[in-house]
Structure formats: structure tokens, C-alpha cells
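Following this line, the structures themselves.
One chain, subunit A, links the two complexes that follow: it is found with subunit B in the first and with subunit C in the second.
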Partner chain A sequence: MNRRIVIGLFSFFFALSSIQANDTVFVSGGVQHDGLLDWTPVMYHSNSYADIDLHWQTERGTFRELRAKTRLEMNQWPMPGYEADFAGHGIGHLSVAAAFTWGEITVGDVYGQFGSGLILNLYEDRALGIDGALRGAKIAVEPYKGIRLTALGGKQRRYWDCYKDQAWGWNYTQNAAMGADMEIAIEQWSERMREKDISLSFGGSYVSKYEAEDTIIGFYVDHWHAPGMYRYRVPRWVGAGDVRTQLRVKGFSVLAEYAVKANDPSAENEYNYRLGHAALLSAGYSQKGLSVLVQAKYSDNMSFRSERQRVGLAGRLNHLPAFAYQHTYALAALYPYATQYGDEELAFQGEIRYTAPRKSAFGGKYGTTIQLCASHVRRPFMNEQAESYTDVHVELNKRLSKQWWLNAMLMYQAYNQHVVEGHGGMIRSGIAILDARYQVNNDIGMRAELQYLYSPHHEGQWCFALYELTLFHHWTLSGQWMYNIGFAPDATNAHYYTAGLTFNYGAHRANIGYTKTREGFNCSGGICRYIPQMKGVCVNYSFTF
Partner chain B sequence: MKRFIYIVLTLMMAGCEVIPYEERYQPVVNGNSERCHVLIEFTGFRCVNCPEASELAQTLQETYEGKLVVVSMHPASNPFTQGKYDYTCPAADSIYRLMGGDASTPFPAGNVDMKPFEGEWFANSSQWPTMVYEAMNETDQPKTDGLKTCYWVVEDSVLGVQAMPDGSVNDHYYHRHVLRSACDRWEDVQVPDGSQYEHLRLIKLTIDPTNNYIVNAYESAFYDAGLGD
Partner chain C sequence: MKKRIVICLLMLVWSLGMQAGLPAVTLQDMNGKSVNVASLAQSGKPIVIAFFATWCKPCMRELKAIDELYADWQDETGVTVYLVSIDQGQDIHKVKPLVDGNGWEFPVLLDPNGTLKRAMNVQNVPHLFVVNSKGEIVYNHTGYSAGDETEIRKYLR
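== the complex of A and B ==
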């Protein structure tokens, strides 16, 4: 421990002494604090982060930049909804990256994504409390023009206990993951393709995880095995491969990707040895004022974790792209869909966005944007339980005058609660949203939202109202109210409200308010964290530099 | 650069182990624990996957007859137990919250001897056979001094409602070994209100008070224990 500190300090001061007059050295970072004072019982929950990044930019031979990143985390008494082992404090991230003209080397906690992330996507999402970094190393090089190679490996972080008694995460005897990716950009070899604005790329990746064998017992019976207790022989090494291609011709683009995972019995897939598959097809077209996107996805048994016995949000090596829209309006986000990793899933998504130009019949004086979106997720069989999620919505965005802006949305949603939460049935709902903004003068602005959700299922009908008043660019007063009108079997007729004051100044943002929120799910990219009902005084502060 | 590519290719070739079908499942002996262990099954009438888990718990109890007691707990803090029908009891909720359970804990969840398994208090049902097997084969000598006693009253075959895996609702479902009450003293053991006396069983637990782990258990029918009318 002491030897490590001495070596670290020596390296740091050695690096400082090497700085020359024409080098650029700067520090960046940020502070984030989200807190809730709850008085039943009295308890202050908070998630706090402080990032400090040191940059040293220079030009010495092939060496270009050195970046040292660290993140302090103070989550001893975390916000409600986080797992017990999320609680803790310490240095959550530490890495040093050196950039050269030929590539980049990172040592410490590394992130990365291969292709669309079907077999590897390591990222940090603070809102969900996920940090999937590998403690190890990463190297990215461009050996020839148009060819990029990336390789990484290490032990994955899972909250705080993962590095305990594991040599600070550098002990790979229990589990580790590694992978390599190659991306070839054909247009880099053809000037004619570049002239015609055509790009074509091919990519391939391979990821392997290692985990020491452990005892897994289950009841098993089939044609060859008599009913009884069996010990499962689990693979210590599990490999997954991915191939992809992407073509872009002016405004048109198409992406096709396929991934396969070898036998990987785990707690999430109930210890089955089936191969995992995922296929993704995406086509898009865009020109001035118009964009169209159509996507389809199939996945089966694609849960890929660094530890086979773990379940929950943390510890995933891959990420399947979400095929459900991430809504920001409260009632549209009441029933969000979470991607099902272990089960078979078929998903489609389409989006058309058109902006009518100014001074046209539909565009009016300031232009109008209309967006039609649809997504449908199902299991690939035909019965009434097959539908997992459907979302069809049309959104209109229009500036009415110099002072007025309007956004209106109509939405149909079907949410299979049984698939996502394990209980309940299909919840079908219709939602209407009106969002208006009025700028009184240069110093005073206001925004109001009215939302209504109709559903004969679950908790029935809801209404929501929000009002925001912005004063002198820095101060925002806001209040919102949500009410369960009812007319359904499980109606609660409950009121939920939030009122707060926000202060913005440069890179500082501070907020204080009172909140009472409904239990629900906080989702990002198809990954959802359950948040219980909360009430109390909320305090938020963030600052970046 | 070539060396780098060779290293990556070598690791890729080595990094996958395919287990042939005939080697996947190896029969195991049932273990030789001298103590009786307790499998706690956290369940709820709205949990569609719980009936299958309950079947599994029953199979485990039959496999380890006399050495495994199964107790179903319906904790009020979890939404799977909330609604028109009530199979909850305060003791189940206290134990559930003592282990860190809350509204977000997925059901069915299980625990053996109120000890964490793989660092987690709640294991999904696919992990239950492993948990029980490891408890039956543990080599650590249990503590014998300074233990406390606790009594759990469970009711077998409670006729009620249960959401089923196919999405239907079974109005004639028998909830097995449902925890009805718990107390620390023999003289406080009573027949819970609304319970069927002939279906009641009493479980005497020996608990390590330093960590609340169950050290041993003894189950008997209520009438065998000399309780009730």
C-alpha cells in the first residue's frame, strides 16, 4: 500500500518536472450531489461524485497527451432504490491514458464499446448507479489508414466489494474479461468513394470472459437424465463474437450486425447452455427537414455478465439497444419498458420527422416540426401474452409567435407488466400532452405542461400539471402535481407533488425543493431501476470546471 | 504490430470453452449435514413465477427429508403481496426488512438459514438447489454457546388465490407452509387468528444472536407439540 503511494507520487512529480513551456496543462472535472432529507424516519440520503481530470498536452516525438482521471464517490447512505451493496465511499475510478500519434494506451479503469454494444458495452450511468468499468488496460491503435484495432481486458467493477481481497482489482484469478475489435473503413482507401460521399465499413469483435468454476446444483431431468440433483459443469471461458457492416450513401445509411455467444449458464438464464444470438438491422434516411429511421432487432439468451451467479443491474458486459422511446414527460414515462436480456425478444422501431419550412402553408411564420414514432416489442410467438410493449406517438412542435412555443403529443401505449415486473397484466393507455412556453420579456419566461393518461387497467387514469417561472436567467421556480383520478381496479386516488427553486449561474446549478413522488422505474437505454415512493426535501447541486 | 495481433488472436482462440452435452450434468450425493436447515421462500400471490419456485422448494424438502424445513413468507413491504388478498404477517415483514428486502426485491426470492449467499441476502429460485446443497455440505462447526431460541408458527395448505405463470388466476391454490407468527418464548406461542388448527406446524429455531443466522431447526405438528385445544 505505502509502496504504491510512493511510486504514484514519484511518477506524478516526475511527470510534472517534464512539463515544458509550450506544453498545455489543465485540470477539468465536476461535482455532483443529489440528496433527499426524509423524516420517516429522519435520514439524509445522498449520492455524491467529484471528478478530477488532469490533462497534459504536448508534442514530443509521437507522444501527444497524458490524461489522469479520478472519481471520488460518497454514497454511504444512497438515495432510495439502490441495492444494499451500492452503499460505500472511496475512489470509484482511477485511470491514466497516454495518447500517441499511432494510438492510445489506458491503464486503470477502462470503458469501451464494440459496435452497437451487443457483446461489449462498458459505461457509467450515474442516474442508474451503474459503473461497468474493467480494472485493467486498453489499447487502441491505427496500424494502417482506415483500420482501427482495439483490445482491452480487466476485472469488472461491481459496486465496492468486487475489489475486496482482490489486490485492488488486479487479481484476475477469480474472474476477468477481455476483448478485441477491428473496424475497417473502406472509404479511406478510395478517393472516389469519399468524393461521392459514400462510406462503407466492416467490423468484427470478440469478447471472452473467464470465471473460476464454482458449485452450481440444480434439479435436472430429460430423456437421458433421471430426475435428481445434478452438479452443473460450467464453462470457465465464455466467448462471444460480433460482425457488422455499415453503408452510408449521402443521406441514406444502413447498419447490419449479428452477434453470437457461446454456452453461458448463469443465474439470469436459469443455467441453460443454449447459444445466445442477437441481430440488429437499422436503416435511416435524412435530408434537410426530413428524417426517417427504421430498425429491427432479435435477441435470445444474450445476458452476458462477468459473474454468472449475479443478477441485478450491475455487472453486465454487454448492452442491447433499447427499442422503446425514453420519454421525459411524466405520464409518458409512467410505464417504461426494460429490455429483457435472458428471454427471446423481437423488436421494431420506426420514426419519421418532418420540419415544414418557414412561410409555408403548414410551417407558418416560424416553421413546424411533426414527428411520428412507433415501437413494438414482442416475443416471437403468436398469442395474447406475446406483446411486451407498444408505443405509438405523434408529436407536434411549433413556434406560434415571437413569445409563444407549443409542443403537443398524442400517444398510445401498451405495457405488459407481467413481462417487465413479473406480475399484473397488459396495461393499455392513451396519453395527451400539451407543453407551452411563453417568454414575457428578456428577463421573465414561463412554461406549463398539462398531461392526461386514460387507461381502464391497473391504476386507471392520471392527470399531471407543471408550471415553471424563470426570472432573470438564473432563477427558476417550479411546481408540479400528479393525481391518480382512478376508475380502475387498483386506483389509489393519490396526489404527488413537487415544488422547488433552482439557481443557475455559469457552470453551477443548485436546486432545493419538496417532493413526494410515486414509486416507479428510472430507465435509461432500456435498463431500469426501481425507485420506491419518496417524500422529503430534495437538494441537488452540480458544478463543472 | 504483428506481435500484438498474434497475442490477441491467441487469446481469442483460448477464450471459449464448450461443454459437451454428456459432461454438463454430474449426479451429486445429497450431503450429510447433522443439522436441520431452513429454506425461506419469499413469495406473493401476485407473483406469477412463485408457484414454480414453490414446487422446487417442495422437491428440495422431499429430497432432504428431515434435514430441510421450508417456510413461505409473504412480506407486506413487497408489491407482490399487496392487493385484495392478504397472506402477510408482521413477522414475515420484519425478517424481510432485516435482510434488506424492500419493494424492489424481485420475487421469488430465497434464503437458507438467514445467511447471505454469494454476498446476497436474496437468491433467485435457480440458485436454491445450490444454496441448499452447500448448506447440507458445509464443514464449519456451528456455534453451540450463547444461542437463543425462537418459535415460528406456519400454516400448511392455506386455500387462496395465486397468479399463475400462464397469466391466469387460480382461485383454489394451496399456499404451503405460510408463516403466521413468530415469538421468542414458548409461553407466547398461540394459534393465529383465522388459521386451521390441523394445518398448523411449529418450528423451533436455534439462532446465533450475534448475526441472527439459524443454527438448527426442529419442526413438529401443533398437536404433537402439545399446543392448542
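== the complex of A and C ==
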């Protein structure tokens, strides 16, 4: 392996040595460090990443750019809440991409998404410790106007394996995954459609994974109550297909997508042999200042992984983001929903957004935006336990004067804790949020949030307050406090708080503070991971160049 | 051969001092049309690339603030602000309603798989890059605090 890497790097440098005067060569990259100093017991947890990219841009024939990327990861003692095998260090990513006018070829660690990601979405999300790259190759080409073809294949990354004979710290599954996708944009062939602002596209993809058969034993009790066991016959190859179409006529847009997955008994679906299905329908209309969107999704048994025995965040080939609004206000995000991959799920979402123009009756001097959003996730049967999640919220955003901005939100939320976390029951809550910003002058700005949550079903009432003071564009002092008001029988009376100082200068961002946060789910992009309660001095630094 | 290696290493050291530009990554706009990001910088006028997500509140604050100044910036410098959405899965269909619903007139590129995000080493949103009229990245900034938009204006030339 090392020899191949050395040869690869050497070839890259060899290519670089033929650079001409009008070519451009530059290095870009980034550094990220998140740390927590905990003193019970004394321990410094940290996640650190350093990315370096080398770009060579040229114009020779159809060739445009050669891009080499590497990433060093230092996560020996990671921040709390990550999966056990997340800890490790080494070069987490290495790839070389060549871009042409007709497409791009990438060798090394590759990412990709087909359609809406129902059968393939390989991505990186550091906040959650996800890196679904395939070590292999990817080619994306546009052989003819309006036709896009993508093919990729390789072995999927699975955290680290520093302690075995792996000099670079990589750990990959021994299984292969590969796929191809085609998208046709019809309007590219019809000038009349383009003139009338109509576009129509069709797409299809197929993904297959290979895993050697392993011994998985099931147990049963027969009619005479005698225990017995059997061995599952698991398929080595599992395929999945996806078809989709999208039509846009001026402001209207409709998308329909359907995916099916072959028999794929896995730990996540409790070794059942049913086919997996997913369907997505999205319809919207928008014009300047007004938009309406309605979406529906059905998914059943759509867990698609490169390893059948793996559960948790690593080793997923597809990605179904939660069909619910991702909130960033603290109390609105107290009970976040995450897609249940192994189960049957039916979900609906809708939103209306209207911006009243400046100097109108409702818009006032600076304009006003109002939006109403709703989402509902359920299992497709009718009883009290069927509802998994509901969220209805209305939000108003208004600039009141030259110095004042206001954002207000009212929300109703129902969260089935049993479905998401495996314990508890339905938690219904009402939430009110006020977010105001005041710009004193060009150098001093401040922002404050007040939030209140009431739930008769779990821990009663919560309140939250935040204050941020920004000085001279570079310094931000912030403090936030969250308190569980102790009137309900199961109220905890717990206080959680964070106070910190952030220094921001161009691409540098440094933050130091003291934090005590609540245990719960940290969600990003609709996937959630459990974070234990943590307390200590937090340090963050990031820089991009 | 050794000479070539030495040349390569010298090139590498020299390239560290070179001003970074935009990578030749191809993304789709909201109408499904392919756009090569490197070609955006060839207009001879400054551009801004603003990474955002539909769920990101600081991004909304930043984009609203830029929107209020955009007409003036365009008159003064001819700048175009491109938004790059990092929304995933079905959420990419929320981008057009969000942009239109807010009445913004920025061109938008979709980066659902994070291809441009990785190529430009963006770790968190909002993250914004200013590219000058020569195609060089002269300023990049992560996060948004009230008043940051005035800093951007200084680099638009």
C-alpha cells in the first residue's frame, strides 16, 4: 500500500514539474481544532484536522486542473459523545482529482451522491464524526450536452485501525461498493423549452455492494418449547436502484423519485429479507417574495451499509436526512428527530414564505418576512403510537429601524421519544422564541435571545437566554444560560450555561469559554449522535487559507 | 530524476506564496445547469462566494445583511454574490423557495455532496470568500457577527 502511495505522489510531482509560465499553482487548506479541558478526571479531549490541497490550474487542450488533497486527523482522545472506534490518528484522506472540460476523474478517497441520496450518499460530517469516503476511484463525465454520467467504486472507510499493522492508521472494510448514475436534461436539446423557461430531467442509478458471507446465527423456540438455532443465508451481493424525474415550468417545480433495495438482512433491520423501498415527492412554486413547498416521503427498510453487521454512524452508503426542520435555536432543538432507517416511515413537510416588500403596509420601511412551516413523521398505521414527530412553527423576521432587527418564532412540537431513543413516550411542547439584534454603531453590535418551552409531558418548563456583544468586528463576548424550571414532578431544576470570548480575524476564528451542557442529541444534517453531559473549558480554533 | 524532484519541491514552496484561486469544480445551479466554479472568476469583476445552509440562522442573518447592501455594492464594484448551498438530500429542494421567498436575487449553486466545500476547505457555515477581479481569493471569513458585511466591502475591487 505504501509503495503505491509513494508512486502516486511521485507521479503527481512529476506532472507538476512540467508546469508552464501561464499556469497557476497554489496551495490551499485549513486547520480545525476543538478541545475540552475536563477536570473530573483531568483530561484534555480534542479533535484536530489539518487539510492541505495542492492545485495546478492550466489550459491545455481539455485539461483544466489537477488537485491533490490530504487530511491529517488527530483524534486520539476525542471530544465526548463519539463512537468508540472514532478515536485514532493518521492521514484520513488522500485523493488526486483531474478536472477536464468534459468531466473529472478522482483517484483515492472519493465521495458522491446519486439523486437525493436515497441509495448513495457518501459524505463527510466532522461534527458527527462521519466520513463515508470510498477508497477507490470516481469518474464524472458529460459525454454529450445534457447527459451526465457518474461511476464510482471502492472500499468504504471505517474510522481507524492504528493498533494493527497499519502504518497510516487507515481502516477500510474488506467489502466493495460500486455504482453508476445517469442524468439527462431534456431542455438542453430543445431551444423552445429553454425559451419558455421549462426544464425536464430524468435520472437513474444503480449501486451494488459485495460482502463475503459470514456466520450469523439465529435462535428459535419450536412448538414443543425446545430451543434451536439456525444459520442465516446472507446474500453476498446486494443491489439498489433509483429512478427520478424533475419538471420545472417557470416558478413551478415537481420532483418524483423512487428507490428500491434488494434483500439485505443486516443487524439494523434485524436480519429480515424484505425489499427496501423509498419514495420522495416534492412540489413547489416560487416567485420573488413568495414561495410554497410541499414534500412527502415514504421509506421502509432502507438501511444500506457496506457491512451488514455494523450499526451506528459509520459504514452507511445512503443517507436519508430527517424529514423535519432542523432547528438551531436551543429549545427548538431540544428534541430533534432522526430518520429511523430500519423502520417504515411516512413523512410530510410544507412551508409558505412571504416577504412583504419595503415601504408596503405590512412590510414597513425595510420589508418583513413571515414563514409558516410544518412537518409530520409517522409510521403508516393508525393508532396512538404511530406519530413519530410533528413540528408546526411560524416565524416572523423584521427590521424595525436602522439599528434594530427582530426574529420571533412560535412552535408546537410532538416528539415520540420511544421511536427515536427507545425509551419514554410522546413529548408534546410549545415553544416561544424572541431574537433581537441591536447595532449601536459601526463598531458595536449586540444580539439577545429569549426562549421558553412548556411541556406537560417531560420535565415541565425550560427557559433560555443568550447575550452576544460584538466589538470592533473581531471580538465577541457571549453568555447563555438554560434552566429547567422546577414545577413539574419530573423537573430537574438543572442549570446549563456557556460563557466565552471569540476572536475572529479574517479566516481565523478562535474561541475560549467555559461550558456546562446538557446530555442529548447533537444533530447535524438530520443525523443525531448522543452527547453526554459535559463540563469544562472549551477551546476552538479554525483557519482556512 | 533528482533534478525533477528538486524542481517539484521548489515549485511546492513557491506555490505556498501564490494567491489561491477558485477550484475547477462543477456544480449545478437551481435550474440543473452545470457551472464550473473556476470560470466564475473570469468575469474581470470581483465575486463573493457565500456558503450557507437553509437551516443555518447566522447564514440567514448574513445574507439578509448582504442583500440590503447588494444593490450599492453592484453599482460601485460590479460584484456578483454567489450563494453555495450545502443542504443535503431532499433539503436541496428547499433552497429555491428560501431564496425566492426572501426576495434575494443572488445566483445559487447547489453543493449537496460537499464537493466545493471540501475543495475550499470550508468547515462550518456561514463561510464567505471574496475573489478579486484577477480571480484571486483575497479574503475569507467564517461565522457571522453583526457588522461583518462592512468588512467585505473593503475587499471588493
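By our rule, the second predicted complex is superposed on the first by the 511 of 545 C-alpha atoms of A that agree within 3 Å, B and C clash if a C-alpha of one lies under 4 Å from a C-alpha of the other, contacts with A are read in each partner's own complex, and residues count from 1 in each chain.
Following the convention adopted for this analysis, a contact is a pair of C-beta atoms (placed from the backbone, for glycine too) under 8 Å apart; a residue touches a chain by one contact, two chains touch by 3 or more.
Keep in mind it's a predicted model, so treat the numbers as computed, not measured.
Chemist: So if we stack both complexes on subunit A, do subunit B and subunit C clash, or do they fit?
Modeler: Aligned on subunit A, subunit C fits beside subunit B.
Chemist: Tell me which touches more residues of subunit A here: subunit C or subunit B.
Modeler: C
Chemist: Which partner does A:218 reach: the first (subunit B), the second (subunit C), both, or neither?
Modeler: After superposition on chain A, A:218 lies in contact with subunit B alone.
Chemist: May I ask you to decide whether A:386 touches subunit B, subunit C, both, or neither, giving the answer as first, second, both or neither?
Modeler: In the superposed model, A:386 contacts neither subunit B nor subunit C.
Chemist: Going by the contact rule set out at the top, does A:248 touch subunit B (first), subunit C (second), both, or neither?
Modeler: A:248 sits against subunit C, while subunit B stays out of touch.
Chemist: Once the structures are superposed on A, label A:434 by its partner contacts, choosing first (subunit B), second (subunit C), both or neither.
Modeler: Neither partner.
Chemist: One more residue to check, A:396. First (subunit B), second (subunit C), both or neither?
Modeler: neither
Chemist: What is the contact status of A:410 with respect to subunit B (first) and subunit C (second): first, second, both, or neither?
Modeler: neither
Chemist: State the minimum pairwise Cα distance, in Å, between subunit B and subunit C in the overlaid complexes.
Modeler: Result, nearest C-alpha distance in the overlay: 21 Å.
Chemist: Can you list the subunit C residues touching subunit A in their complex?
Modeler: These residues of subunit C touch subunit A: 4-5, 7-9, 11-12, 14-16, 18-21, 23-26, 31-34, 36, 38, 55-57, 60-61, 64, 68, 88-94, 96-98, 100-103, 105, 112-115, 118-124, 127, 139-143, 145-148, 150-151.
Chemist: Where on subunit A is subunit B touching in the complex?
Modeler: Against subunit B, subunit A makes touches at 81, 84-85, 139, 141, 143, 149, 151, 161, 178, 180, 206, 208-210, 215-220, 225, 228-239, 262-263, 267, 270-271, 273, 309-311, 385, 418, 422-425, 490, 519, 529-530, 532.
Chemist: Show me the residue ranges of subunit B that touch subunit A in the complex, using the header's touch definition.
Modeler: Subunit B reaches subunit A through residues 1, 4-5, 8, 11-12, 14-19, 21, 23-28, 30, 44, 46-49, 56, 59, 63, 79-80, 83, 100, 102-104, 106-107, 118-119, 121, 123-124, 126-127, 129-130, 132-134, 163, 166-167.
Chemist: Across the complex, what residues on subunit A touch subunit C?
Modeler: 13-14, 16-17, 19, 24-30, 32, 49, 51, 53-55, 57, 64-65, 67, 69, 99, 104, 111-113, 116-117, 121-124, 126, 140, 142, 148, 185, 199, 201, 246, 248, 251, 253, 255, 280, 282, 284, 286-293, 295, 297, 319-321, 323, 325-329, 349, 351, 353-355, 357, 366-367, 369, 371, 397, 399, 405, 435, 437, 439, 442-443, 445-447, 468, 470, 473, 476, 502, 504, 506-507, 509, 525-526, 542, 544-545
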